[in-house]
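The structures come next, written out as structure tokens.
Below are two complexes that have chain A in common, paired first with chain B and then with chain C.
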Partner chain A sequence: VLNRRCVEAAVMTGLALKCSINKKSLFDRKHYFYADLPAGYQITQQRVPIAVNGSLSYSLCIDNKMSQMVTKTVRIKQIQLEQDSGKSLHDDTRSQTLVDLNRAGVGLMEVVMEPDMCCGEEAAAAVRELQLILQTLGSSQAVMAEGQLRVDANVSVHHPGEPYGVRTEVKNINSIRFLAKAVDYEIQRQIEELENGGTILNETRAFDSKLGCTVPMRDKEGKQDYRFMPEPNLPPLILYDAKSLPANMNHQQVINIDWIHERLPDLPSVKREKLVEQYEILPEHSFALLNEDGLAEFFESVVKQTQMKPKKVIGWILNDLLSHLKQHSLTVKESPVSSFLLADLLNLLEKKEISSTVAKRVLAELWKGEGKTPLEIVKEQKLELLQDQKELEQICQAVIDGQENE
Partner chain B sequence: QKVSVEVLDHLEHLALVDFRDSEGVERLQKAIQFADQLHEVNTDGVEPMDSVLEDRCLYLREDDVTEGNCSKDLLENAREKVEEYFVAPPGNIPLPKLEERDTFLQGS
Partner chain C sequence: AMLRASLRQVSAALKEGRVTPTELCQRCLALIKSTKFLNAYITVAEETALKQAEESEERYKRGQPLGILDGIPVAVKDNFNTAGIETTCASNMLKGYISPYNATVVQKLLDQGAVLLGKTNLDEFAMGSGSTDGVFGPVRNPWSYSKQYKENSVPKSHSEDEESNWVITGGSSGGSAAAVSSFTCFAALGSDTGGSTRNPAAHCGVVGLKPSYGLISRHGLIPLVNSMDVPGILTRCVDDAAVLLGSLAGHDPKDSTTIQDDFKPFELPNLTDVSELSIGIPKEYHAPGLSSEILALWSKAADLFKNAGAKVVEVSLPHTRYSIVCYHVLCTAEVASNMARFDGLEYGHRSDKKESTESMYAATRREGFNDVVRGRILSGNYFLLKENYEKYFVKAQKVRRLIANDFVKVFRSGVDILLAPTTLSDAAPYTEFIQEDNRTRSAQDDILTQAANMAGLPAINVPTALSERGLPVGLQFIGRSFQEKQLLTVAKWFEKQVQFPMIQLEEVKRHDSSVFQHQKSASFS
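Now for the complex of A and B:
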């Protein structure tokens, strides 16, 4: 039985990735034997998937300099709905596989990309952007470490001008960092193999994160014949738009593509543009803000509560706040310093009651979370900037006098 | 035409069927012949139908949890288990190659 939410999530994702949504899509059975697939087949959409022909734009830093960003695009071949299998845990010591069937049958969305990326860095950047989009849409929380987002990388090499070479599929990639490593390793491996006169097998390989390399996966006995056949229990999935909406159908059974389109939230790329325009920050700042969950909201909250210009606030968010968070492995939500406190501190700085060096000290003190306000800390430790001309003259004079006496 | 030994062997690997003897293979041949009659119909320009359900509505279920918490019942069926996992062999044990198995197909 198809879950409505799965269909909505697939349509949202398809629209966000600029795909054509197929108003009629079909389900098929893909047959193979494996311990984690008790039915012996997986229901998927091989002939006519729910969405096709989209694109995903992502940005890369040239030479690791955030100030030089270039935009790239990867074409999305299709998005299909399918069933998950169970989870296998391999116990090599006891020569057995433990199978957990809890997730078997749960709906999955597979996003198939065209081979438009040329290295690990591009793959990682593309997947990161996809992750942000999925999280923004609410289609998925897309945490790779928990298997909510899984990536299989297909890698091949070829000389310029020649057709694409034989590809290998790399599985068992558990993070974006490992994705980049796995892709780059596999590219190198294939190049070396070919330069030594060898050939590339169309095989499935697993990424070994400890060794940083890919190894052939057992159990993949040559090319599989999945004997695809239409799924007899699921009629075609029909989606509607404003024009084709049927008059007398049960509302709960109808999915209206236009209705979903109107309710799409701002995608990351749009959010970034708005941040840059509204607050006059740099594009790379907007990337950094969106890269950390909750950081953009924190920034906007501080800006609302302080007279300091957003252009100056951004430095405090991206340099100071963020480094404190990273040092203590905290998320923005777990920050001991609220946006209110930070705004308070920045106001003192803006009114020139303290220096920026002092502000950094006070921030570190606030981080201890002892409940003191910035002003209390400044007064306690006597960190105020002296404004009185006379007092300053007296101090300078005293220092000079002190020197003369030596 | 007759179905080749390679195809029969391939089918036995894929679907783990066992044609057992010449009668089994003969039955397969007859089934294919029977289905081949479909070719006599001119289907130019006609959309293939893959299900008698094609005019029905695909029922969409609400995203509500209505069952679960029955791991004990489900695990009861397992011959071997470890904690709450089913135990399976370390990997697929593929059917031995044609030369190595005891099947009538060898003789053909």
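Now for the complex of A and C:
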């Protein structure tokens, strides 16, 4: 039986990725024998998937300092709905395989990209953007480490102007960082192989994160004939839009593409544009804000509570707050310094009651989470900026006098 | 004569207190025991059945029966999942398998208070037309032991034992048909993929209904051909079939191939005037091998309608001759797919071979399946290979569409119901039947029944008359999709006209006397 939520998620994702949604899509059985496939076949959409021909835009920094960003696009070939298999855990010491069938049969959405990317960095950036989109839509929490987002990389090399080379499929990639590493390693490996006069096999390889390389996966003998057959238990999936929706249809039984389209939330790219426009920050700032869960909201909250210009606030968010968070491996939600506290601190700075050096010190102090306000810390440690001209003269004189005595 | 009554009659008796559910259940169980030689049941669920009967009795005492099926003993073909009761599909692959859930149709029966006596025998995984190829042995047609058969059949030699002269039930729902025919239950569930309910119904002299595809849920029916399987209903008379249909039909969210429309159970009117009716006689169903007896009966039946004022016309279903081949391609392809799940890992038989997963699979499947099943799997996989897919599978689907369109055209031309034979001849003796292999027999026997499966149409076998050998012969009516009411109404009229005789079984007479006796006798005169 088809899971409605899966179909909705696929339609949302398809719309977000600018795909054409197929109003009629079909289900097929893909047959092969494996311990984690209890039915001996997987239900998938081989003939007519639910969405096709979309594109995903993502951004890269030209250098490593995030000062110049360039936009790239990767075409989306299709999105298909299919079943998950179970999980196999190989116990080599006891020569046995343990099979966990809990997730077998659960609905999956496979997003197939065209080979438009040229290196690990691009692959990582594209997948990162996809991850953000999926999280924004609510289609998936897309955490790679938890297997919510699984990425297989298909890599090939060729001389410019020549047709694409033989590709290998790289599996077992568990993070975006590893994705970049795996892709770059495989590219190098293939280039070396070819330059040494060898050939590339159309094989499946596994990424070994410890060694940082790809290795051929065992037990893949020759090309499999999956004996595709239409899935007889699932009728064709019919989706409607406002025009084609029949008048007396029970709306519980149908999915209206237009209705879903109207309710799509702002995609990351749109959110970034709005941030840049509203707060006059740089595009690379908006990327950094969206790259960390909750950071954009934190930023906006601080901006609301302080007189400091957003253009200045952003530095404190991206440099100071973020580095503290990273140092202590905390998420924004776990920050011991609330937006209120930070805004309070920035107000002191803005009113020139403290210097920016002092502000950094106070922030570090606030980080200890002892419940003191910025003002309390400043007063305690006597960190205020002196504004009184006379007092300043006295201090300077004292210093000069002290020097003379030496 | 409670055991030989119809379902509706005995239901009325329960309501009026003339018999109690437990008494009824006990009698059926006793009869099952003394007709064990028929081998109709694989599992008899004595304890649970008696418990269900007791609960039913409580309800009747309180004056709150669940409905017409409350307390009625029924049997279910062993390819339907039954929670807590072994489901084997007559295969080594599932010997000892206890399902954790009930098939939707089983659940519906139980929810209405029916008493589940047990699981009936079949051809392994419902593949066959004789109910002879299951691991628990063949089912014997109760008519083999009937007075009518014994008086009319010519024994090969005087010294020959009755034992070797018994005839088959037909298949693959032979156990269910035999159970209903021998009065051990009042209704039984079978399955019909290529005729597996109608064929044994014809040979055992009972009513066998194949409903429209999509009307009754297949959830829990272990699949053979998903696009053709339907649960089948076997009863003593057409009215009983309508009762069963009423309690089983309707949309099931667990089966996406059931239609969404509301189904309203109906009572069959007593048709008296057939002048508005148009009966079609498909000429291609005068198949090679059709016995002259059945041909004559078919003719007689057509005349019956004509003389009663109905319009009887010859029609043509031109693609009939391609249907067997087409059916074989599509059937084996789906079978190969559906049988892939039997790998010994999660449930069922598992071989002891441990060298590798592959060797374990191979051994498990060789040990678990008989050669009929293995043969179909191999053929099916062949047809699904990339290089063969277009030539065989896709082609067969196209031919299937043509076959289905044949029916559409005929029904559009004003014909209401088609009348055709169900089988080529009366039941063959077992020793003769097994001279040919399962594939050959299936190809021969399915020819009159499987087009209805390919087109998803409802069809019903109505016992018509006895052959020269004293065995039942049935004729089938095929109707428009989802027009079961019309189909059954006509079938009921026909049933009334032909007055098919009741089987005379000594065993049953013994059990059915008004004084309840435990008689264990091995002789049947």
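Definition applied: the second predicted complex is superposed on the first by the 405 of 406 C-alpha atoms of A that agree within 3 Å, B and C clash if a C-alpha of one lies under 4 Å from a C-alpha of the other, contacts with A are read in each partner's own complex, and residues count from 1 in each chain.
The rule is short, and it goes like this: a residue touches a chain if its C-beta (ideal position, glycine included) is under 8 Å from a C-beta of that chain, and two chains touch if they have at least 3 such contacts.
As the structure is a computational prediction, the values presented were derived from the model and not from experiment.
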Touching partner for A:H90 - first (chain B), second (chain C), both, neither: first
Touching partner for A:L2 - first (chain B), second (chain C), both, neither: both
Contacts of A:Q253 with chain B and chain C, given as first, second, both or neither: both
Contacts of A:R29 with chain B and chain C, given as first, second, both or neither: second
Chain C versus chain B, contacts on chain A by residue: B
Which of chain B and chain C A:H328 touches, first, second, both or neither: neither
Which of chain B and chain C A:K274 touches, first, second, both or neither: neither
Touching partner for A:A39 - first (chain B), second (chain C), both, neither: second
Which superposed partner A:L101 touches (first chain B, second chain C, both, neither): both
Partner chain in contact with A:F228 - chain B first, chain C second, else both or neither: second
Overlap of chain C and chain B interfaces on chain A (superposed complexes): 1-2, 31, 33-35, 97, 99, 101, 225, 227, 232, 234-235, 253
Residues of chain C defined as touching chain A within the complex: 225-227, 253-257, 260, 333-334, 336-337, 339-343, 345-346, 357-358, 361, 381, 384-386, 389, 393
Residue ranges of chain A touching chain C (in the complex, touch as defined): 1-2, 29, 31, 33-35, 38-41, 97, 99, 101, 225, 227-229, 232-235, 253
Chain A partner contacts - residues on chain B that touch it in the complex: 10, 14-16, 50-51, 53-63, 74, 82, 84-92, 94
Chain A residues touching chain B - in the complex, by the definition given at the top: 1-5, 7, 26, 31, 33-35, 88-92, 95-101, 218-219, 221, 225, 227, 230, 232, 234-238, 249, 252-253, 255
